[in-house]
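These are the structures in question, set out in turn.
Two complexes come next, and they have one chain in common, subunit A, joined by subunit B in the first and subunit C in the second.
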Partner chain A sequence: MKTRASGVVLVIALLVVWEGSVRLGFVQSSNWPPFSAVLAALYHGIVSGELLSIIGSSMWRMLRGYALGSALGISVGVAIALARPVRLTLEPTIELLRPIPITAIVPPLIFVLGLDDRLKVICIAFATFFPVVTNTISGVTAVDATYLRVARTFGIPRAQTIRSVIVPAALPYILAGLRTSLAIALVVTVIAEMLAGDQGIGHYLLSMQYALRAPEMYSAIILLTLVAYCLNRLFVLWENHVIGWARSREVHEAP
Partner chain B sequence: MNSDADERALRIDALAKTFGGKQPVMVFEGLSLDVRAGEFLSIVGPSGCGKSTLLQVVAGLLPASGGRVLLGGRDVTGAPAHMVYLFQQYSKSLLPWMTVEDNVIFAFNHRLHLGAREARERSREHLAMVGLQESASAYPWQLSGGMQQRVAIARALSADPKVLLMDEPFSSVDALTRMELHALISELWERKRFTTVLVTHDVDEAIFLADRVAVLSRRPATIAELVATELSRPRRAVETYEDPRFLALRHRLLERLLRKPEELDAAPR
Partner chain C sequence: MKDRQVKPNRRRFLGNSLSALLPATLPLFGNAVRAADLPLLHVGAITISDCVPFYAAMQQGYFTASGVNVVTESETGGALGIPAVVAGAYDIVYSNMVSVLQAIGQGIDLRFIAGGNTLNPPDTTGLFVRRGEGLKTGKDLEGKSMGINDTRSLQFMYARGWVKSTGGDPDKVTYRAVPFPDMADALKNKRVDSIIPSEPFFSMLRSDTTLDLIANPGRTVFPNGRVAAWIVSGDFLTKHPDLVRKFLAGMQKGSDWVNANLNGPAFTQLIVSYTKLDPARVAAMGKGRTSIGVTARDVGRMYDLMRSNGLLNADIDVGSKVFVP
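Right after this comes the complex of A and B.
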């Protein structure tokens, strides 16, 4: 069991156990459909387009929140790491806001932002922001002083130094933050949709549970699993493309 | 001739540097040195005497604690344009996320604002000067140490320096590569005549490349000796090292550098 195949085998085995537990009568409950029924529900949901438009709306919501939170996280992180006054001003607030569970701020935010997309996008951005900002600060702080001296000796303007020296040098850290945030953003998307409004995969999941339509409920979970898996794979591919230099350099410089 | 009129002339005037803290360390004090326009000057000194610190203060990378640096008769504040510092650690001075070609473009294009094609051409011209046009699209870390330092040299020259400050740039490559780099920098200097200050602990290298050699004393450092090499150019890797004048100078400077600290310290602290 040394190959990748062993991992796949276990997944399949678990799914077979799921199917068997129903077929062989170990579990008898309308809340526990066989895996094949879930697959059928997933298939119908996709073919009819219903599930696709639902997950699509969730992804669009998530993407906007993620982009907003990431952009803010990177810019605020760079500003905090480079400018002491900014650090002194913002850090206490950030430290206070960071531990707040995102679910706790949804109810009050509903008063301000309503139940619409705005609320959810803001919640996703809020949750995305913190890992990105802290990683960006670490990354910028860790930039090798020689790179900065090189920029100085050639008289590179400050803005260009930030853009073409500091941010690229800090990118491995920043991307680590972005990757953490990606998983968090998906979680928050589903939770926000469960708590407010009538759209998205989170809302769908919950309504299927209320309607006692177990196969549809599980099909939503399977779909989320697949989406999360694909998002992460895509992110890793992109990461390798963007900071491939950092990894290859390590390999090259290892004695 | 008033050398100050030439914008390549570098005057170091009563320069002082003290690192603060609970126990301030006086690295050098009242250090004066005139580097003539277009001259190649080497500074040698015992390790830890503050050679690199001196060079960084001259380059405007570190603030001085006293005295001043004049370039072409004008006070140097910050890192002046046309004064370029060549770092010892090429592996940290080349930007690893940029190709070799882009590393060179990085050094000049914020001033020249060339279009993509012209910038690439200029970058390749300078890479050709150091024999690396083939490696333009490689990443620095894919090259050997000697090649990386050649990229750093090409990058420095692409910024059209009037003054080039070199901080032990040849200390981390093997002996043969070092001699190749000596020949290269010598040739480029003869072609372009930028004022050059080389800081090194290698007496042979200091004499081989320079018009004049300055010897630093121990801390707080001052110029203990300043001698003209008076060796003919072009310098040759084999012959120059056998020149009696070279050997005599080498003898004199090594003896001075290897003397015990108490004998060396002429000036009382």
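Right after this comes the complex of A and C.
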């Protein structure tokens, strides 16, 4: 079973176990509907447009936070790796903030940001920022010194060296950070929506749970899973397109 | 929210533009434009049946009629209500009294402006055990566990008080935090030996033949007690007592509407509209008359209960925290 099919078979087998666990009475709970009921709820949710508008609002929130966090992460990461004063100033703060769970900083953030979308977007950006910044620092630090010497020999200005030499060379690291952050951003989006407000997939999950409508709740989770899977696949495709050179170089340089 | 006249507001802007551009069609937009021109109140409510007078007032347009434009966002968990009111993100929120009194005990200036639900019949909560295990009293529950929604909460006090009143030692029962939606599973899978669910789970479990409802600890420990309230910050109350009065006028009409429609389809439809519950479930739920008044005596009783259970150490002048319209 070395083909892609084996992965699909496992997923289907797990879904069959799910359905069977309810049909055969192994699990009896209003919180555990048969998978077929979930599929039906998914169908109705999509046809009525309810689920799509909910997931759409979550995605829009996520993309804004992700873009903000990524842009900040890359800029700050490059600055820290290249300028010692910046590193000495920012690194302790970043290292102190990094391990803080996002839910713990929400109450103080409310004082500054209120409770609407801004709060959630900033939470997502906050969570996105750290993997990107640490990967960017590693990437820039690991840039081959030869590249920099060549750039200096040709008299290329500093700004252009950063743009045309350093960032492209560090791109494999940066993209690894961005990819890690993509998954984190999605999780934080759902959590932030659960904390406050009445929009998005996070709020929908909670309200369906309290409304005793488990099939609708799981249908939202399944849709979320599918969206996350597609986002990740798209990202990998884009990553291969952008840094295919790095992969082929690794093959050539391998001993 | 410092100055509500100056604060830019998209809806108000839209309202102004509409009234400027389309005077002829104004009658068509009558209500919307009027609401947008009124002073804005941000209210945090919880989408549970307890908040029904508020949602009735929203649906029936009573707040607009009283002269305030109420904008609401539901807080599903309710835990962020107090920080949000302190920060000014909400002007008014619905919260359980335990959290509010604990916040006041920490020196945060909060005021009670209206009462939430009370522990009156018909019951909306109770203590369940697995059928056939013979657990009936607090004495029986010694060495056993009880699933409550939060171990520093109202339910914690009910649970302890009830165990004591039925001959048990409250310290010999293990209290475990279990979210309301998961309580039934936790009990049936023997993760806990008893649970205290609230609506809509309570009415669902009453008809479950594998479980027994053995008591109502809330009513035993805190009969007719008021357990939740609508609150504002002291700062907001000082600056905008008029807005609070208008809000209360709308709430009173909402409460009257609820009491007049208690057994009608409009009431069921209202609860369905914001809880997304199945109408049959709403019909099965216990529905009691509501009242929105809150008195120093209501708050004082909760204060005493909390003090005697060690949930509050600070001295609070309860009377000064209750707004008398």
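A few remarks follow.
Throughout what follows, the second predicted complex is superposed on the first by the 251 of 255 C-alpha atoms of A that agree within 3 Å, B and C clash if a C-alpha of one lies under 4 Å from a C-alpha of the other, contacts with A are read in each partner's own complex, and residues count from 1 in each chain.
One rule holds in what follows: a residue touches a chain if its C-beta (ideal position, glycine included) is under 8 Å from a C-beta of that chain, and two chains touch if they have at least 3 such contacts.
Just so it is clear, the structure is predicted and the values come from calculations on it, not from any experiment.
Once chain A of one complex is fitted onto chain A of the other, the partner contacts of A:Ile110 are limited to subunit C, with no touch recorded for subunit B. In the superposed pair of complexes, A:Leu212 makes contact with subunit C only, with no contact to subunit B.
In the overlay built on the shared chain, the residue A:Tyr229 is in contact with neither subunit B nor subunit C.
Within the superposed three-chain model, A:Tyr43 lies out of touch with both subunit B and subunit C [touch as defined at top].
Once the two complexes are overlaid on the shared chain, A:Trp238 sits clear of subunit B and of subunit C alike. Overlap of the subunit B and subunit C interfaces on subunit A: none, as no residue is touched by both.
Contact residues of subunit C toward subunit A in the complex are 44, 47-48, 73-77, 80, 83-84, 86-90, 180-182, 184-185, 188, 200-201, 204, 275-278, 281. On subunit B, the positions that touch subunit A within their shared complex are 56, 59-61, 78-81, 83-85, 87, 89, 91-93, 95-97, 106-108, 110-111, 139, 141-142, 159. Residues 144, 146-147, 149-150, 152-157, 160, 164-165, 168-169, 171, 243, 245-246, 248-249, 252-253 of subunit A are the ones touching subunit B in the complex. Taken together, the subunit A residues at the contact with subunit C in this complex read 28-31, 106-107, 110-112, 114-116, 194-198, 203, 206-213.
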